[in-house]
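The following pair of complexes shares a single chain, chain A, combined with chain B in the former and chain C in the latter.
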Partner chain A sequence: MNVFRRFRKNVKNIKTKRNEKEQESVNNDEAVLDASLSETLSILRTRIGTSSDFIIRELANAESGNSQIAISYIEGLIDQKQLSELMEALIAGNTRFSSFSNNPVNHLKGIIPIGGIKAVNTLGSLLTAILNGEAVVAVEGLPGAVTVSISGGIRRSVEEPSSQTVVRGPKEGFTEELSVNIALLRQKLRTPELRIESRTIGRYTQTRIAVIYIQGLANPEVIEELLSRLDAIDTDSVLESGYIEEFIQDKTFTPFPTMINTERPDAVAGNLLEGNVAVIVDGTPFVLLLPVTFFKFFQSSEDYYQRYDISSFLRIIRLFSFFIALFLPSIYIAVTTFQQEMLPTTLLISLAAQREGTPLPALLEALLMEITFEVIREAGVRMPRVIGPAISIVGALVLGQAAVQAGLVSGAMVIVVSFTAIASFVMPNFNMASAVRLVRFALMLLAGMFGLFGILAGAVPILVHIVSLSSFGVPYFTPLAPLRWSNLKDTLIRVPWRSMKTRPAVISVQNKVRQSSFKQQHAANKGPEEGDSSI
Partner chain B sequence: MGRYRFFIMVILCMLLSGCWNRTELNEISITSATGYDRVDGNWLMTLQVIVPSAMTVGGTGGSGGSGSAIHVFSTKEKTIQQALNKSNLENSRFLYFAHNNVLIIGREAAEEGISQIIDLYLRTAEARESVYVLLASGKASDVLKDLIPPEKLPGVALAQILNKEGSMSGFIPPIKMYELAKQISSDSKSAGVPEISVAGDGGKALESLDVFKKTSSKEKLKLSRLGVFKEDRLIGWMTWQESFGVSWMSDKIKMSSISFSCPGSESTRNFASFKIRTAKTRVTPIKEGNDYKMQLKVKVGGVLTESTCPADPADLKASGEMEKEIEKQIQNYIHLGWKAVQRMQVDLPGFAGHVHRKYPRDWNEIKETWAEKELGEIKLDVHVKATIQHPGFFSKAFVESEGKSGGKK
Partner chain C sequence: MSKPTIELPELVSTLILFEIGSTTLFMLGSEAKQDAWLAMIIAASIGLALTLLYLAIYYRDPERDLFELCRYYFGKWAGTIIGLSFIVYFAYEASRVLRDLGELTVLVLLNRTPLLIILLLSVLVVGNTVRYGARVLFLTSLALFPIMILSYLFLGTMTVGTGLIEYEQMRPLLEQGWKPIWNAAFPEIVAFPFGQLVLFLVFFPLVKVRRRLRRPVLTSYLFVAIFLTIINQMNFLVLGPHLVEKSTVPLLQVIQLIEIIDVFERMDVLFVLILFMGLGIKMAAFFVGAVTGLQKITGIGLKKWVIPLGIAIYAASLISPNYTHHMWVGLEKMPPLFLIFQIAIPLFLFLIMLVYRKPNNIKV
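Coming up: the complex of A and B.
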């Protein structure tokens, strides 16, 4: 334990030292720039260095020959077309600068044909602007500079999400670009109540993070808590929303995810309308949704597009496959090595016939096959696409027929492992599937040691753990524990849209009514119409 | 800090215990039937164990398919447990009894008393009391060696025969171990156990796999009679007709069928069959002086499945007459069974329990002499009410309607 304490102390020391250092450079960045153009440029040069993609373009005055205006930007972050427009405007207006030099900012605003223009006067904000893909226009005699938003560069177009596909529903997915992602949401939620709070996290990456919610639907306490947690993050880099997720989750030591990530704008929009909050991180198409409950992981956005009966059936199928993925191998081990009397005679005999001559005990056999499957799965994700077919052929042969024919593995075990594997991919959310895979191994070991009793001894703590979790103050296992009757209509089953008159009570604290009664409204609309026709 | 230590301790504890009672499926031999015989004052225990590799379909299991699916071996010792223990000298696997289907008791053992077997089954955890009990006409070890085509596992096949026979016809009602123990220790102190015997010329044809290659075999295992136990000893046998009568008395009929001659018909050709769907017998003891009268109210419902009677069963009057015939038939069976019961002085229908429940004070006086004295003096008062719920998809008998179709209507 002493080791831990010492380790913690060291970490603290390092943190404080780092902060002190940081403080100095921040102080430096806060320095207000003076009016000299050459000085501003030289400070910029020393700060950014001689990187070849950092470009300073100086425009000389036609009469004096001295540099009057300088445009600086980073080549890959700006849009070339907008840059040339900016240059054209500046060159055209160059000659007149001397006469209007008493208020150059207004003058620049007058001639630059681009929307986002801002005057800045500290080195820090100047640097941020440049690194965010804006062009900085500095003018002789103007303290500070003007930033022009012409950011562009390479970006992926909006494509169909690759990790969460649907049969029916929008085919567009988020991209890596924050502004595009926000725009995708704006297009779906055309309401002034859609609010966006921005943060920048990561000392080196300066990653922009947007917290999106609908004012009046989202719980203000959740937003406040989320923002305070975000503000507490002090890290050098945020490259994916996974970084943020691990920092802000309620409990770190749990295999179960307490936030959903999704690539689908329609899923985010739907959840925002239920009072959830979304966190979009620049540079990744995976958007975090919070707070979530356990059963949210068994819901797909398609559930709301299909007929309710099919959706309800599919949700039950998903829950069933969750149990299969979690328990099937361990039940197989327990029943074949401890509780043989649980099986019907004929099944026992056919299982026994298959195990005849297999060299390994059932536990080892199951572990071996599960690990083999995990290896093949991981290989399938990592390997170059070209080798794909080769791997799948070898995998199918190794895992399946050949292993059985060689008498190394029993046929029933192959069926159990493959069914488990397929069942674990039924869950719409990959995070939960990963959690299940992890827990499964523990349960298998317990089953191998104690049989069905071992499975119970594993399952009860898992249930207790799940119930103890919370996501931003919302109990993880609602609406089952604590029981909320009104929420059950959209948990294991989905009732028809006409009947979903309220939002989930736990998440959306205020403004619970979603819609008015369709039938009443319809009848009310019909009444006057009939009257009209009679006249 | 304390928490971490606690966790580590729990995990270590788990590892300590290991997998002590783990048995892989290929380390157990599943017994499908067991037999008990008495030979020279010793118990001869016979086990029919399943050979799983012979059960596989297709070629994946290695040497599957052609061999015998069962293996039978016997051990002899003073006690059953000792005999079981001695089997370790010749058997390579752990004996596993949870899937045991039938228990066959040899005739000699049954006549000497079966309390030791019952005690073993009630006492040990592995043996299931839900196993069917059968009597062998000769030695149980011989029955266990016989095959029952087309089933590969005779033990399972026997259990299926018993189960099906009990629910579909009820001629010789099957009995499970716990029921046997319960009935023997009840007020009536008696039980009936079906007998299995080899029909045919008594050869050894059923012991060879060659029987599967033939389309028909003269020899076959079948249920033949009902062995009657008084306390734990076998004292006599009943034919299936007598046993059927007792089944009616003790409300053991679930489904069955009754054949009867057509009402008013002299011809021996004209018969009809009645398939029983629901049957219920209510027994009420009535004390008359010092004697007891047992009132049996039997209610039967079912469908007509076969008829060559001239009468139209759709006609209420005709069907009422048919019902009378059915009632008569059932009464015949009951009286047949009752005669056998009085002959053997064994309270197989379990009337003792009814008397005990209704007249608990009197019971104490008569319980000692019940089977020998009072049982013989009981009068039966049988009321049967049969209902033909459905005449089938055809009204008059085929021959009748053919002949008269032109004339009438």
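Coming up: the complex of A and C.
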């Protein structure tokens, strides 16, 4: 709770400097509230201000007519149904008991029909409770107040993830609500070893962050390092897991992501079982997974649901697409500009005939087309959905077919750029595709200047850079370099589940055995006489 | 003493790629004509003895690298001077590889680009690799290892498969007796490439498993020696004694002869990229060796030495006025000098180490 304490101290400092004339008790969050109800309410009103969604409902005593109980909450953060239950109980209690003065907390606990009740006595914890969507019940004569957890409000329901779709596999995706997301994981991993560490980060946003791992599978050093990095974050706001990702990644200056984000609970559960750690940030469906290696970005959770041979084939296709997306335009530039002798004669002639009519050199032509494509793509993401068809007509017809016919670009270049673009969408994880987009332009420039030699001069530093990266201490290019033989079974290919006897050796350091031999088990179950049958 | 960070597969792959490096560019032992393979085997055997010597040095004191060994056993002054001369030697070897790389590019890929610019770009790329230190270099070569080996395997299969090899060229055996064979083997082939393994005295102490290097190092040495002998002889058998002597890069000429289904005709252009990887790793390894030495001797960080040494290597690569001169210097004039570093000093060092007490009793 370091961050939290620091936050309160900071707020305290700022406030005391600003309103030195105001009462000490209003500003001091550590101050213990006294027993006077009217005083507590006035302090609350001063701190939260006259916001219209902050509601204080006072209940007067039946005999004296003075306020004896007050309920305060923020309208949009609570569940109306639970609130009315709470109100009913309090009103009934208020008429039944003439005075709450004799141990009021126990009285309240006796009449409120809701689970989460806590007595608090400092202003700071009172404010936190209200801002987290709890109702605060204050009673005349009780120092402090009682918080009742009735948080609710408007949240999206669990839907199919929009950015990571699968053909076969669970259709549910994470939502913006932290507790729902944790529940989705709990439903998949019904083990007491599933552990959750919570942090609150962001001075103004007070965003709740949950670190989830499976005790005994995750590497304790990684968890310790992760928590210490999280604790070091002192920032105004955390509105998305991307904020956290940039703070805690090993190396800032790299186009390559060293954490995976996913909105699929099954992907997170699968990775937790391999010893990874997940970071869920309240307010976003994108959950961070770490540590990851380069090859993880070419794996989809669907790989484990469909047949292993098809999955292996698809993984190789994805890696191939990665190379296409990275190198194809630059290879085209290099070959047509410098190394024409590499092409078979017929192809060379047809290419030369196409290029004859185009005004620009291959490099400029490719850059022009690539940038055009990036523009179309960005427009496709940002524009209102209704205009979608218009963009596709303009993109496909005008910039493709018509540009070739007008003699602005060659037909081969349109094919190259389109294939590159499609190949970059094959990667299951969007981050890696973005990295490729950036690097591609540098490679195109080098290819335009030095041909194949330039491509190599660009590719080698990229490889060296990738190899030098690490994600929470795990080298990024494992299991190829450094070599881990046992991990290769689930990297470029996926072996059948029966053969996946161990977990990935780099990420989980303990409890390496995943399952016992299916064959032996099956034989044992069947009994000795038919044990060695077909399987 | 730096922390050991290198694992065995990395060491093995780097050693193999380092030895392949620029070797396949040249026809070694062309004096011996059809008996070049015998010259290779003799040189490889001498190289094997040298490798055993380097391993013996490492096994006697696995904690110290070449420069620390020099300073420890030769004394501070002599050790520093010998260490510096090793740095000069490594840097010079790096500059030679750089020049090979540049000339190869001009020859095959970029005929009209000035050599100066190609050399500059290459030294930048390699210097960038060196900046990350030995571990990343070794990891990179491990990552490139499968590509390189598969490409050479593909090349070998294609050459044999398309029937380019004329086995009759092997005969007659020992036409001129042993003399030309010995002349070709020693000192040229010993000094290049086999004796260059002396560089690994810098890297052995970085390997995580201590004192269990003998088998992997010797196995990979034998593998690479046989591999180089085969490739070398393949050039000879395809091109014949006259062509092989005259061609600048015999291997590329061999590849140009390979033709499959009209589409794969100029595979030499692609294969030159594979050659670049070998050259780059060899150059980077020498570069890292030299930079490590400077770091050990001066105590100034590794990264700060990369730029000055890079400039020095760049300048040294321009010494020769043309490629023929460069080849003549490298393959005929320099080898006796190289042998001082590859044989004389290590042997002397080992003798001193034998006289010294066991290193286990010495507190550092």
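Rule of thumb we're sticking to: the second predicted complex is superposed on the first by the 494 of 535 C-alpha atoms of A that agree within 3 Å, B and C clash if a C-alpha of one lies under 4 Å from a C-alpha of the other, contacts with A are read in each partner's own complex, and residues count from 1 in each chain.
Basically, a contact is a pair of C-beta atoms (placed from the backbone, for glycine too) under 8 Å apart; a residue touches a chain by one contact, two chains touch by 3 or more.
These numbers come from a predicted model, not from an experiment.
Superposition of the two structures on chain A shows chain C fitting alongside chain B with no clash.
Contact with chain C, but none with chain B, is seen for A:L463 once the two complexes are overlaid on the shared chain.
When both complexes are overlaid on chain A, the residue A:G169 reaches neither chain B nor chain C.
Of the two partner chains placed around the shared chain by superposition, chain B and chain C are both touched by A:E341.
For chain A, the partner touching the most residues, choosing from chain B and chain C, is B. Using CA centres, the angle subtended at chain A by chain B and chain C is 40 degrees, rounded to a multiple of 10. When both complexes are overlaid on chain A, the residue A:T358 reaches chain B alone and has no touch with chain C.
Judged by the touch definition given at the top, the superposed model places A:G407 against chain B, while chain C stays out of reach. Of the two partner chains placed by the overlay, only chain B lies in contact with A:G448; chain C stays clear of it.
Between chain B and chain C the least C-alpha distance in the superposed model amounts to 5 Å.
Common to the chain B and chain C interfaces on chain A are residues 338, 341, 450.
For chain C in complex with chain A, the touching residues are 7, 9-10, 105, 109-110, 113, 118, 121-122, 124-125, 128-129, 132, 136, 139-140, 142-144, 262-263, 265-266, 269-270, 272-273, 276-277, 280.
Taken in their complex, chain A has these residues touching chain B: 1, 336-338, 340-341, 345-346, 348-358, 361-363, 404-405, 407, 411, 446, 448-450. Against chain A, the residues of chain B that register as touching in their complex are 1, 4, 14, 17-19, 21-26, 28, 30, 32, 50, 52-53, 55-56, 60-62, 64, 96, 98-99, 101, 128, 153, 156. Within the complex formed with chain C, the residues of chain A that make contact are 338-339, 341-342, 344, 450-454, 456-457, 460-461, 463-464, 467-468, 475, 477, 480-483.
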